[in-house]
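Sharing a structure here in structure tokens format.
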Amino acid sequence: MSTIGFIGLGQMGSPMAANLIKGGHSLRVFDISAEAVADLVSKGAVAAKTPAEAALDVEFVVTMLPNGGLVRNVIFGEDGVATTLSKEAMLIDMSTIHPFETDALIKEMAEQGFQMMEAPVGRTSVHAIKGELLIMAGGSKEQIERAQPLFDCMGSETVDCGGPGKGGRVKIINNYMSIALNALSAEAITLAEAIGLDFDTAMKVMSGTPAGNGHFTTTWPGKVLAGDLSPAFMVDLAHKDLGIALDLANQVNVPMPCGAASRELYSITRAAGRGRQDWTSVLEQLRVTSGLEPKIK
Amino acid sequence: MSTIGFIGLGQMGSPMAANLIKGGHSLRVFDISAEAVADLVSKGAVAAKTPAEAALDVEFVVTMLPNGGLVRNVIFGEDGVATTLSKEAMLIDMSTIHPFETDALIKEMAEQGFQMMEAPVGRTSVHAIKGELLIMAGGSKEQIERAQPLFDCMGSETVDCGGPGKGGRVKIINNYMSIALNALSAEAITLAEAIGLDFDTAMKVMSGTPAGNGHFTTTWPGKVLAGDLSPAFMVDLAHKDLGIALDLANQVNVPMPCGAASRELYSITRAAGRGRQDWTSVLEQLRVTSGLEPKIK
Amino acid sequence: MSTIGFIGLGQMGSPMAANLIKGGHSLRVFDISAEAVADLVSKGAVAAKTPAEAALDVEFVVTMLPNGGLVRNVIFGEDGVATTLSKEAMLIDMSTIHPFETDALIKEMAEQGFQMMEAPVGRTSVHAIKGELLIMAGGSKEQIERAQPLFDCMGSETVDCGGPGKGGRVKIINNYMSIALNALSAEAITLAEAIGLDFDTAMKVMSGTPAGNGHFTTTWPGKVLAGDLSPAFMVDLAHKDLGIALDLANQVNVPMPCGAASRELYSITRAAGRGRQDWTSVLEQLRVTSGLEPKIK
Amino acid sequence: MSTIGFIGLGQMGSPMAANLIKGGHSLRVFDISAEAVADLVSKGAVAAKTPAEAALDVEFVVTMLPNGGLVRNVIFGEDGVATTLSKEAMLIDMSTIHPFETDALIKEMAEQGFQMMEAPVGRTSVHAIKGELLIMAGGSKEQIERAQPLFDCMGSETVDCGGPGKGGRVKIINNYMSIALNALSAEAITLAEAIGLDFDTAMKVMSGTPAGNGHFTTTWPGKVLAGDLSPAFMVDLAHKDLGIALDLANQVNVPMPCGAASRELYSITRAAGRGRQDWTSVLEQLRVTSGLEPKIK
């Protein structure tokens, strides 16, 4: 069992800290909310008046804060973690912050002789309460192994994302995809309603197609990911159908900004001469448009 | 077994017609490609020189054409289906065309005493060959029942979409979602690559979240679809994470037009006072922005 | 003075027809609105019961209708212009319709021996009343010369757009630019208000920069149009400033979808290696992305 | 004549500093580029080894740096301006940075008893050399008056933007508008070329319409800014024409992401019941969508 300084007791941090206590660890907790601190103290934590105090004589410091500026401030600011942290201890930032901020913090910490890794979490506050978070660990194998007992209290699954900074990167990709997808899904279902369909009817069909199941495990593996762009469904036809959907939406006054943006990506793909390739070639084209090396001849 | 006029022998139409022949039906086929016609004749079909000839003395006419203008022309144009079709026969348009074109055709056909339904198909040309298409049937119960033996030759699943014109509507929603999603997925995975992640690492995480599984069966049913907008994950936080992802993408030169558009939808949602609601409230907000009645107080 | 069949007496068509009468021409008018016809008759026009009747024994037919489907129908439909029009007469379509529809109509008319040109108009209904429209003439020099006396009654300026179909093309480009610009301008001024600026203060600055004056006559002529991409203002800096504006807008909940989309165009431009070129290189890059030949080495 | 510390000798800063010397002021200059410093020294400046040294015994400090992080660092970092600056002196930040960063800096400076204003500049490096920049001054009347002699050396026009922080805000609005407009203009002209028009033909028309002249001084003053939304050109028609342009662009493979985004704004405007209002109502609608109070009943 370890001694842990835990900084940041919000909607996610509070249950995470509580689960560490349940797991038998000793916690020194800090938050600007006295109420949040009191709640954890009632569960067995020791209150710290500053980040520095929370980091005193502990084996781990966990930070779970709303943004990168706060993480930096808690570490390097007045009465910050860096003023008391032991060189033997390890800081684990579990906040979701900009990956370049994470990179900078890890670098500056290392320059001062401190150990740091990041491990942002997936899923919701409900999962945080149940200790069933998804942990996206960014660090060396040794760091992840060392932190594993803590992760096991807070989450049900730890993914080794491949090295320092990679945890935060995977988190951002995952969130990007799920957050933007939420908006795109709203467009599709709002249009469905506006043209007289109900959700169940739409779902009956979409549950059996990439619309409901995504492309990562359906259309992509056999095509663009396998280097095969022979058409199962042509870019030109996808582009045409998208045009029909957008025309329809615009006739019934459903704004579909994501879909409208996607049509212009298909237009870029067609302009590059890929109109008769498989629709999954949009990935290859976007790679090239981004300045990455082509993968498929 | 029925006599069927089949018009439109392209990448999808040819195997569909072939499967009808295999199923024991008698086909009269028409296409502008003599080659495509010859191929079907070699499989047992009778060649027709015009749509009118294909529609002569048959119980069904199936049309499978690239756009609505062609469907209209094949029916009402010179030597069109309407010049010979029996009032007892039924026209089944299986093309993917604009739903408002379908509505107009069904109406005009009815005014002339003809029977028509639509039944666009899902999945790919591979499925067309195997007779495993998804049939999105739009018509009365009686029409669908009557056409079912034909559908069973061409597809492995028929969905009754709820009435005339609804088959085409579901098709367009399904295609909208899957086609735009393909572009959005390309954005996420291109960014992942540009920041040093590989596809497998990203997938390891996304396969356990809405990023990989969509929202229709994960986050939505317990929240926005249930009328509950208490936050499991707040709009404000989703908006913040999206901002991080877009900033990151713009720093490494990965264009993400769909994601950029989606952020502005979250901005609309926040401006409407929903920042502290669950992120699934984007659906409710888009409904309201589209002029639909609010569902959730 | 000429005899003219005038078809389409809406908000624009009515004053245009009235100005032709004022100019001394004899009009036969048709519209589905009896009221609109009666109004013109009170000004000296003769009422026609069908398009065919309006086209009977006239030197010109002018059409001014809301969309291309109606134009086609008025010409080739039942009791249409084509049933009575003299081969010596000229049809002038002044509607704003899809240029490809115009191309098709001109072609089909020519095949039947009829003469047709297009001449959509710019400016507003106020200008229509005053006879001060901008006429975008698409046709041969001879056609434009022949129609000029009519144009002079309706407009104060005629631009020869360079041949058949070019009038409609220029019209669409002009409208695209002004309509999208209206939305973009709304984004800028809404953001200004949301951050505490008033319109006059913003205008004081913008009236002296490309923000208020556009790029066509300011930044472009000396740079991208002259083949010079050495930076007066670098793409990278423009991209950075756009990022600040979008971040700001997203913090104060002003949705800026056009601006958000434009940032991704700058991202494409940077990905193509143009970050340190002049910001006007966005034009050259978009040309290349559209599959056009590069103009600048 | 004043003593001035000048920090930041880039493409803009160097000529600005040179013009201050020409104007008779005494400069202490700092930059990380020794070359840039040497150049200014050859023109009469004194070299400073740190920001602190540049700020020693001067009446003004001018900062002209690439981003807000650098401005903060130069002021409050190690050997920063704040360590030596006199409480009688005034810091003028002429960089283009995030307005919220400016707000925070002004506040923190004031808390420590320092005087600060911001004055970002408009126009290009060519204007910087000629001393013809546009100065967007954000500060009290007294601060602007005090800085005016400096501004007169660097620019040809100073706009009092209305108070502290307002200079930076106007700058961002101006840049937003001009930078996004550059992209939108590229879309219009690329489409023009793709459909066979040349720049001069397009310009002949656009120079007489809002497409070339903007809306701020043409369509808006008599309509939305005057509270009059009776239609000179209806939202529904603008939306229709935009749809034609986007369809055309997508047929010839010209991506138009800004225009596509703008169409969805018109769709929002129509969904709000404004289809038959004047197109300038897009401004009023976007205001409302942003959560601002309606101005027009």
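Note that the chains are named A, B, C and D in the order they appear, and that numbering of residues resets to 1 at the start of each chain.
The criterion applied here is as follows: contacts are C-beta pairs under 8 Å (C-beta built on N, C-alpha and C of every residue); 3 or more make two chains touch, one makes a residue touch a chain.
In UniProt terms, the chains line up like this: A, B, C, D = Sulfolactaldehyde 3-reductase.
Because the structure is a prediction, the values reported are computed rather than measured.
Steps from chain B (Sulfolactaldehyde 3-reductase) to chain D (Sulfolactaldehyde 3-reductase), minimised over paths through touching chains, total 1. Ranked by separation of Cα centres from chain A (Sulfolactaldehyde 3-reductase), the top chain is C. Chain B (Sulfolactaldehyde 3-reductase) and chain C (Sulfolactaldehyde 3-reductase) have CA centres that are 34 Å apart. Taking each chain's centre as the average of its CA atoms, chain A (Sulfolactaldehyde 3-reductase) and chain C (Sulfolactaldehyde 3-reductase) sit 46 Å apart.
Among all residues of chain B (Sulfolactaldehyde 3-reductase), those that touch two or more other chains are 247, 253-257, 260-261, 264-265, 268, 271, 289-291. Because contacts link each chain to all the remaining chains, their graph is best described as complete. Chain A (Sulfolactaldehyde 3-reductase) meets chain D (Sulfolactaldehyde 3-reductase) in the complex at residues 239, 243, 247, 249-250, 253-257, 260-261, 263-265, 267-268, 270-271. Against chain D (Sulfolactaldehyde 3-reductase), the residues of chain C (Sulfolactaldehyde 3-reductase) that register as touching in their complex are 66-67, 96-100, 122-126, 134, 136, 157, 159, 161-162, 166, 169-199, 201-217, 219-220, 225, 232-233, 238, 240-242, 244-245, 247-248, 251-262, 264-266, 279-280, 282-283, 285-287, 289-292. Interface residues of chain B (Sulfolactaldehyde 3-reductase) facing chain D (Sulfolactaldehyde 3-reductase) in the complex, by the touch rule stated above, are 257, 261, 268, 271-273, 289-291.
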